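One chain, subunit A, links the two complexes that follow: it is found with subunit B in the first and with subunit C in the second.
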Partner chain A sequence: MASFLRHIASDRVRQWLPLATLILLIVIVGTLEPVFLQPATLLDLAGDTAVLFILASGVTFVIMLGGIDLSLQSMASLSSVIVALTLPRLGYAAFPAAIAAGALAGLLAGLAHTRLRIPSFIATLAMGGVLASTALVSSGERSITLGADDRGYLGWITGTLAGIPNVVIIGLVVLVVAHILQAHTRFGRYSAAIGAGEPATYASGVKVNRQKVIAFVLSGGFAALAGIILTGRLASGSPTLAAEMLLPAIAAVVVGGTAITGGVGSIWRTLVGALIISVVRIGMTFLGVNIFAQNIVFGAVLVLAVAITIDRSKIPIVK
Partner chain B sequence: MSAASPLDAPDAPPKRTRRLRLAAWAPVIVLMVLCAIIAVVNPNFLTFGNFVRITQTAAIPLVLGIGATFIILMGSIDLSVEGILTCSAVVLSMLVLNGANSNDLGILGALIVLAIGGLIGLVNGLIHVRLRIPSFMTTLGTWFIGVGVANALLGGMAIRITDPVIRGLAVERFLGFPWGVWIAALALIVAVVIQNHTRFGRYLFAIGGGEDLAVLSGIPVARVRITAFALAGVFYALGGILVAAQLGLGNAQIGTGRLFTTVTAVVVGGTSLMGGEGGVLRTLVGVLIVVVLSNGMVLMGVPSSVQIGVQGLMIIAAVASSIDRSKLRVVK
Partner chain C sequence: MSAPDAVLALVDVTKTFPGVKALKGVSIDVRPGEIVGLVGENGAGKSTLMKILSGVYQPDGGQIVVGDKPVRLTSAAEANALGIAMVFQEQSLLTNLTVGENVYLGNEAQFTRFGIVDWRRLYAAAARQLAKVALDVDPRNRAEDLDFASRQMVEIAKALTLEEVAGHLVILLDEPTSVLERAEIDVLFSRVRALKDRASFIFVSHRLDEVLELSDRVYVMKDGAVVAEMPAAEADIPKLHQAMVGRSLQAEYYRESLQRPPGTEIRLEARGLGLTGAYRDIDFTLRAGEILGIAGVIGSGREELTRTLAGFAPHDAGTLTVNGSPVRFANPAQAVDSGVGYIPRERRVEGLVLFLPVSANITLPDLGRLSRWGLIDGAEEKRIARDWVTRLKVRTPGIDALCLNLSGGNQQKVVLAKWLNAKARILILDHPTRGLDVGAKEEVYELVRTVSAEGVAVLLTSDTLEETIGLSHTVLVMRDGTITHRTDASPGHKPAQVDLIPHMV
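On to the complex of A and B.
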């Protein structure tokens, strides 16, 4: 088993494994259920993947640095509550307000992580609790359905442009923005460097803490955006709206080939990972697997993907 | 760590030792201050009835916290608390006398559930150690696998438990306290013995204090780690039995929020996330802090949804104040 893992973990194979898996999955599901390959179904798939992809690309920034964000599902839910509560009064301004709240939460989590030197998984677990609590209290612990006039503000999410759902276009815009941030900015290069070797990066004069905080701010902002899209698609906000999204989002990043040890990865890989998760989900739905029981598969896939992608030389002591 | 202290003592600056000793007692002081404040605001807090209620609420977090303490002592983390707990509660509800099928295994059913919990924990340990995957990722996976299995078994339904023995854990009382409280107390004693009077217990501290040294001293680190995860699984399964007994049913949402309370209790009690420092008795204090605080908030009329947020802030405060920053350069 271990030697088999080592074999598929060798760099050359590893790089193309996610894409090969995706194509294989599409072929399998397409053979079993030919409807799947029709353009309409594929567009639906793309639309369903958009929310997951946005969440996953936010957390990709954090994972690239070797950290983790366990608060993203709470942030997305909170953002849906903020939009649902403020849309009647603020109109379109409700959307930037929700994103600003996400960025603020990310800033606080990042500061708790860097200034107080709390490991990121515990800082974001705690921040997730604070956010969940805020969402529960401000919504009165129930879901808020948007009225008919408020739904007019959601056209940019629910509409279509030349036959393509707007959600897909939003997803593509996020892809471009996130890719530029990751691959063509100083922040992107620094975060890859921090993930690859934090002490060396620190020693070369990079402001490590600042890059980390930026990553958490981005993760929070992206999670809030994902919450907004969810609100638009369901026409309601709820404090538990995104509760089931944490595992698929992290699984998407890891399955795509971004190592949780940091340093290796890209937004493109996260896109491939998110598509894999979506195709697997649709395949299981075709096979009649209970939607909640699907977590068994995602949990197993997550562990397996980590086993393949992780860089063990970087962690002499596995804790 | 106890072996190293006599050697270190002459070099260590005295101010630091005093600070450390004070830090060890901080959770107890916090607990006493908390009790005093709540008692002043609401005298009902000090009645025997409320004391029983507090112990009853504390029983389940205590059992879960004991399991998690063993893991955190090694510097690892276990996020699969809810997965194992939910899975155990659901399987228990299907094995004992219940409203859905004709099984009636009684106590044997409970023992099977404990074994299942240990087995899932063992899988955690094996994946973590043999495949060399960090524990938070391994257990994040098993968390969702456990909840997924519970969902697959029940498909969103709930099974009512009618077995008088299991129900009796929450309903029947002995010397004024429900049986569940006595079981939790027994679990605590067992855990203290394991931690302080067995080789395994001392190895836990050694691994948490410095794994590289532990390996060099010939400690079977891999075996100890795997055993610790299996042992934690048994405690989570016991927690699952107590939860199912208390609610009188098993369903797939039964564990929601338990991980959070567990981590809060362990960390607030003063067990260091870096490992090597702490213990199950500190977890008892941590559980009491969390439970007394929430009991006090209920008595003062604060909505229960605020409590998750308060616990989140407590985690940050407790971890921030306990981490020995001089030891760390890289925090991930």
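On to the complex of A and C.
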């Protein structure tokens, strides 16, 4: 087993492994259940993947520079509560308000991480607790179904454009924006440099803490956007709306081939990872696996993916 | 080849790292109760040799013989089992544990029953070990409460626990005196001598006088080979030094014919500069095109001064001016903004992001110039990187190759390229040739001369006094945090090393 893992961990093979896995999974599920390959099912798949992909894109920025954001599912849930509560009064302004709240939470977590020098998993674990409770208290511990008037504001999420669900288009816009940030801006380059070698990046005059804070702000903002999309699709806000999404989101990033230790990765890999998670999920549904048992699979997949993507010869001690 | 009564012998050992032959057939033997000195400049191969003996590296060729059996040492535990113990250069005691816990760290099994450690027995045994090195401390004290000399003795006491399994020991002492005061060194030496009936020692040090004082026999290494071996009684410092350097000083080694008089423009000036606990009252001026060398031993404050100028340790007294404006660098970003480039001694940690390509490393400090509307101009980046790779003759498979895969000398060129690309007007060279072989060193010297002639001001601290003198226009000597001597070092007026040493120690 160990030698098998080492073989598939060699750089050349490893790079294409996620995409090969995705294609293989699609072929398997498509063979077992030909319905899966029909355009309608595939569009459903894309729509279902969008929320997961947006969550995963945000945390990709943080993982790239060697951190982690454990607050994202709480943030997405809180975002849905914010939208549901403020939509009657604010109208469309409820959406940017929710995203601003997400960015603010990311800012605070990022400042706690950099200024107080707290490990990011602690800072965001704590922030996640704060956000989850805020969502529970402000919603009165229940889900808030949107009235018919309010649903009028959700057309940009629930509608379709030329037969393509708007969520898929939103997902594509996020992909483009995130890809540009990641691959073509100084922020993206600095993030990769920090993840690959923070001391040298710092010594080169890069304002390392600033980049870290930006990554957490992006992660919080993207999580809030994911919460908004969820709200639109379900026409309700709930303090537990995005519960159980943390594991699949982080699994998507890592399954796609972004190293959990930072420095190596891309938004494209996260897209592939999110699609893998979605296909696995749909495949399990076809196979009749209990929906509540799915995180068992995702947990196992996460461990396996980390085992393959980390070159452990370069990491003598794992904490 | 090895002496018949040797307890430990290396026979024709070789070791190659990517781009550098670290050991080229080294043979050394150690006899019972003998203290063997091992000297050489940085990069001569001493550390590699120590790591091979302690099981960290495996040799590519040759043999290690313990007693009369060839052995393979693939881990520290195996070396220990054969009676070879390392007392590390960096103090390796865990300061949050007690002395006794440290002495038996990893060897608690003998005091353990059903998974429970019998601490009374462990501490009693630790006390006996401490008695062997005549160290009078309670083994229940925390290691952090001990002074450095006592910690060093604890490490030796720990090494001596191997006696029970391996009999006669060989203890490797790697720069054990570097953090010790003279009186502490005397204590350490007398204890080491007293242990000669239980163990042999290999003593590695930069301080030639100490090596001569303690050792019975001395090996001199240079460029990965043993170039001399002599009884300590027949050696003296000039003799050892001659063997270490391997030649009388050749002016051209440091490209002195390329050394130009400095300009008049003052780039960097310190007046009464101080940092509590590190250095104080530092005055100097650094002109365009000048190379200012700072000589001094560990603890002289020159390392901290270097860190201040690079932006890692802000000064708390006096003034520092760059091109006439007062500055105080709170972080490296501010130093970079002032036109300072730092070439660190830890090239692979602070110099380069090893897992990024050559091109990304070259542009890292100055990405802003490559950005339009917030987007990096990828084509321009590639052009710039290719340009620098050509100009500095960086030997790399391409600009997309990870820096990890380059040899030390080529990595150093990439570090230099990134600061030249960022148009740094002041370069802080912190041990710029550490770990490089001779050819790579000469290339670095040539580059330093070139950028200096173009008006870049250079501040240099170096591993060897020879390099400091050879490269610099002016040399400052530091001791105990202050400047004790300053001297002209322009071609034809280069001071001799012996003239500077009295100001250093």
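As a working rule, the second predicted complex is superposed on the first by the 316 of 319 C-alpha atoms of A that agree within 3 Å, B and C clash if a C-alpha of one lies under 4 Å from a C-alpha of the other, contacts with A are read in each partner's own complex, and residues count from 1 in each chain.
The criterion applied here is as follows: a residue touches a chain if its C-beta (ideal position, glycine included) is under 8 Å from a C-beta of that chain, and two chains touch if they have at least 3 such contacts.
Here the structure is a predicted model, which means the values were calculated and not measured.
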Discussion item. Quick one: is A:Ile180 in contact with subunit B, with subunit C, with both, or with neither? Answer first, second, both or neither.
Written reply: second
Worksheet item: Between subunit B (first) and subunit C (second), which, if any, makes contact with A:Val264: first, second, both or neither?
Response: second
Discussion item. Is A:Lys207 touching anything from subunit B or subunit C once the two structures are fitted on A? First, second, both or neither.
Written reply: second
Discussion item. One more residue to check, A:Asn295. First (subunit B), second (subunit C), both or neither?
Written reply: first
Worksheet item: Who does A:Ala192 touch here: subunit B (first), subunit C (second), both, or neither?
Response: second
Discussion item. Applying the document's definition of touch, where does A:Arg89 land relative to subunit B and subunit C: first, second, both, or neither?
Written reply: neither
Worksheet item: Of the two partner chains, subunit B (first) and subunit C (second), which one does A:Arg142 touch, if any: first, second, both, or neither?
Response: neither
Worksheet, complete the sentence: Between subunit B and subunit C, the one with more contact residues on subunit A is chain B
Worksheet item: Taking the contacts subunit A makes with subunit B in one complex and with subunit C in the other, which residues are shared?
Response: 199, 202
Worksheet item: Which of the residues in subunit C come into contact with subunit A in the complex?
Response: 310-312, 331-333, 335-337, 342, 344, 346, 349-356, 360-361, 364-365, 367-368, 371, 374-376, 378, 418, 422
Discussion item. Which stretch or stretches of subunit B touch subunit A in the complex?
Written reply: 74-77, 127-138, 140-145, 147-149, 151-152, 155-156, 211-212, 252, 260, 263, 267, 273, 275, 303, 305-313, 315-316, 319-320, 323, 325, 328-332
Discussion item. Quick check: in the complex, which residue numbers of subunit A touch subunit C?
Written reply: 180, 184-186, 189-190, 192-193, 196-197, 199-207, 263-264
Response to the item:
Given the complex, residues on subunit A that touch subunit B span 2, 5, 66-68, 112-114, 116-123, 125-130, 132-134, 136-137, 141, 198-199, 202, 247, 250, 260, 262, 290, 292-300, 302-303, 306-307, 310, 312, 315-319
